[in-house]
């Protein structure tokens, strides 16, 4: 039995609230159960130096966690003066995942900066961030279409992500903190609407995992992410 | 006329939402109009090195602003590797203001750490932070009473703060961003329920200000802060 | 009785020594009793990036304290790799105070950088810094007039500052270290020759302060700063 | 055809030179073709603070690249004052991979620190690092056995890693720089001698990848890593 | 002819003012012509961790230059967040020079921290610092004798330093800035009263130098430093 | 007797291996006995900002030590976030030494960056670095001649360096770690092929040294460096 009494292939309640803050071009509060992440997408009319004059845009991401988003208070990275390796790993992952579904040439010489800030953490903050950021970026890009700066939205398809893992011997979908801190294998999967894999990151926390387990986890992730695409579409299209 | 069409002595709509996040011992979302700050109070059962063995507690504060809390995206301080002078000024002010109303000896050898993180900014984030943090600290301290760790709440009285300023020649209460960026004098006032002043910080942004103007501003602040105490009491006591 | 046996409204002996060092365009050693601060004003023929091409100048300030300016040795900020919040607060205050009396458009596209370095500390270093920096900036600007780069001195009037506080229940002027570390309320006041207030920063270190006390302190500050203007004028005009 | 004219399932020439430097308890130069990494394992008779008194050991890793290990010179991280996100990601991966095969309780309260420094880079530095570090750690642990500090070697089995990818549509083993910078999908696989997976990190650099492609890559990796175990055993046992 | 019209073996006017500031246990303003350095020696009743419990003391030095000590303003190292290589080189040299003449075992488990801060620079700041710091350390150690903490002064002999160089083909003593920035070879020599050499640091700025030139420079330095010992003794003993 | 049983004027076995790595324009592994330093010279077709448009080139150096190059593991400077004073001292020395023999005007507006990374340390790493870097820079410059970018090699003559010291009362050449950590005086000497001195840095580690001892050390260094020039020429010209 899972600590949350969910079925092995059951997602937590997922909510996507658009327009959560008012200044950003895209602003989404994403909730996976008690995990809550504020994802904003900001449009800047310039690109980083390495891309100037190359006729294409860029998209990058930053990630942070409020000090008391967690059970015990963590050190504020701004006060410490550096971002942890974990933070950097996550923000690089978010950036890569979103760049995979945006046509950077169609974007033109402008930059989208995603900020994912965890207000409350209960496991799965990086996959929630990708899922929420996708909607925030979609909204920011739609704004460029609406204002006539772009003829059409350069996002080719949606992208979403979920964590899966082997908990007490059983493959389960969408780990919460209780499961995450007590599982043998933890895997994050990022997929596009078309079913293509963008990232697969599986880590043995305790015992190594087999090819059969890997396959079971990928099947679970596939089913979960398909459900997330429905929620993204409902959020955006009122579906 | 004020940009917001408020009367000179009119506060914005102020809301204090307790229990906004689940892990912190005290967690309050404070809103002054469109300004929204998440204030958490964390209890740690130890004190900083300079106070060890002295039989008293400590209270300190940290402040941050999400990169896209503002009209244009600001640099993430964690990415930059240092906190700005403005950030440090504000967090020192919040800490001093709250220490003024908590009996640190009665607190015992433990520490309260306040985190004020601005989710959305529209002027007055530091005074909103103090006002919200007061309730968060109150709640964290009540938790220590409820769990039997303290015989009574060591917060002696509430503390609240508001900004006032001279906008287009007229003294006005509770500046929003539109007023703040276009005013001659800007003042932050921190008061206790008993009417004592904790901090008065007045700055001429353009023309210098006179003693008469200073007095008019203090009168406005006094009336505004009294209203804030009512809201704090209502939030805490169900009033 | 004050520890120094001064009367409540008595300044310490204040000295302003111009030309204390030879390279800076303005260089003043300011002494308030045992507090000694070297204030230099440097002229640079360019402005920071955010002002380029806007046809106006800029003035900024930096503050430091020699490690053994104090009773016990403090950490050297350069060795530690960062400036404290206190340092940043003070240098921002000095910069704002001087900008309030200099016509930045008349200055043209050049920058004045003030450095206030405390050689010996005995309380009131920030107010001494402002008072001394005013003369150093005056001298640097006069140099621009003398060399024909400016038609007239863009400093509109002098600015000076003093600390006041409530010590053992009594309002007193110009706190030295012994008083500063044992007072209930500490206030720094910055004024222009015309009597306008530039900054009022009052802080309750212990008990809160009342409006009546605030007024008494402002009266004391007003009388002290008027005396400082006489000393500045005497230093500059040989008065 | 691969740029190097290798067959799809052909490793580059791999060499493991033990005792490459003289001070470290384990020191291995690992070469995968032109990629050369110096891996040292240092034994320290203490553990990090978070493990003190818990009766177990620890193993951690650091990674670096000499500035001119690459085609164009990179910035020296020590001069820049911070390690890149890529560096942190890699050193975390190396540490996790080796901890997976060492019995930390059997190690006792001591720490193994792995340093992987890239002398020359031609793709696959992180997987070469893991493969070489395994032998260096083995040697360092054998030293503890030889000196009587441990009754037996706490390394349970060997661990090795290889990169695989889809280059011009075809799955290939052990990417060199020419392939790595021109492939659609890049995957790093870490396995134990027993055939268990420790890490699977697949990333779509261009087009997304399918489950079928993922499986083909895992098959290739499996065959390559089995060959690496032979080379590790030959290096250690003279095989 | 030297720019200053001094003879080749002529020192600038050297002054040593003891008790220049009031808090430090030793405080000396040293002037070599227009070069002015404030040297303080602080006594701390503890030693750095690496010496704890070893029954000996320590002596270390820090060096800084006020931003406008020079012709054009330099960046404040505290603002930049790091000390330059030049600063570190100089403070290491000062520390080594003074440790050479103090009996660290006789000092007991305490530490002397020297701070040399350049108020005005005109060449030779590092040699002036050593010469002035020697007197400051002497005074701080005498204070320990006077207060009964030490039976006798652990400084075995004085140490002093001077720069020499080859300027327009001629060896000259005690370079000022004009000479220093236009000389072929620059050498700093540190000697003890007994005539022993502590440091010899010669650098060809332009053309290489010969053994004969090296010898001529060492002769000049020897004569200059002997004169500095007289001035140190006069300062200390009233001579 | 020396710990290594060498004669007082005997160098360790010195080897210079050109082309040690493949990407750098010049790449030399230099060995002085067990001391091994990888020296690379990189050519960049631009100069630092302070030299732009001045029609001359630049040459600079960086130095590092792998964490386990030494008997006990040192902290990785990249992880610590700053380079030690020792590192900065050494890299400044290497840069100055090489600039002394390269005609920077003949080099044109390009920069040579030297990286000296110590793979294994046994004393004398800075002098080995200079000796090896000379050959690496020579090779990089020859590459510019070969490719037609320069008409002739702007290196005027070779430069080499060696350490000497007084060990157990006797002057000895080319200190290894055992001698270096137990000697009274340590001197590094940098010379050009023409016999000119570039740097002489002598330091009394224990007792001060006399002029006679200084002369004996310089004689030893002279004989050793002449032997190093033969080895450099043999390496480059196949001699």
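To keep things simple, chains are lettered A, B, C, D, E and F as they appear, and every chain counts its residues starting from 1.
As a working rule, a residue touches a chain if its C-beta (ideal position, glycine included) is under 8 Å from a C-beta of that chain, and two chains touch if they have at least 3 such contacts.
Predicted, not measured: the structure shown is a model, and the values here were computed from it.
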Between subunit D and its twin subunit F, rotation from the CA superposition, multiple of 5 degrees: 180
Equivalent interface positions on subunit B and subunit C, same or different at half: same
Most widely separated chain from subunit A, with each centre as the mean of CA atoms: E
Label of the chain whose CA centroid is most distant from the centroid of subunit B: F
Rounded Å distance, subunit A centre to subunit E centre (Cα mean): 59
CA centroid of subunit B to CA centroid of subunit E, Å: 51
Length of the line joining the C-alpha centres of subunit E and subunit F, rounded to whole Å: 28
Junction residues of subunit B, two or more chains touched: 81-82
Ordered ring members, subunit A first, subunit D second: A, D, F, E, C, B
In the complex, subunit E residues that touch subunit C: 21-24, 27, 34, 36, 38, 40, 42, 44, 62, 64, 66-71, 73, 76-83, 87, 113, 115, 117, 119-121
Residues of subunit D touching subunit A in the complex: 82, 84-86, 88-89, 91-92, 96, 100, 187, 191-192, 194-204, 207-211, 214, 218
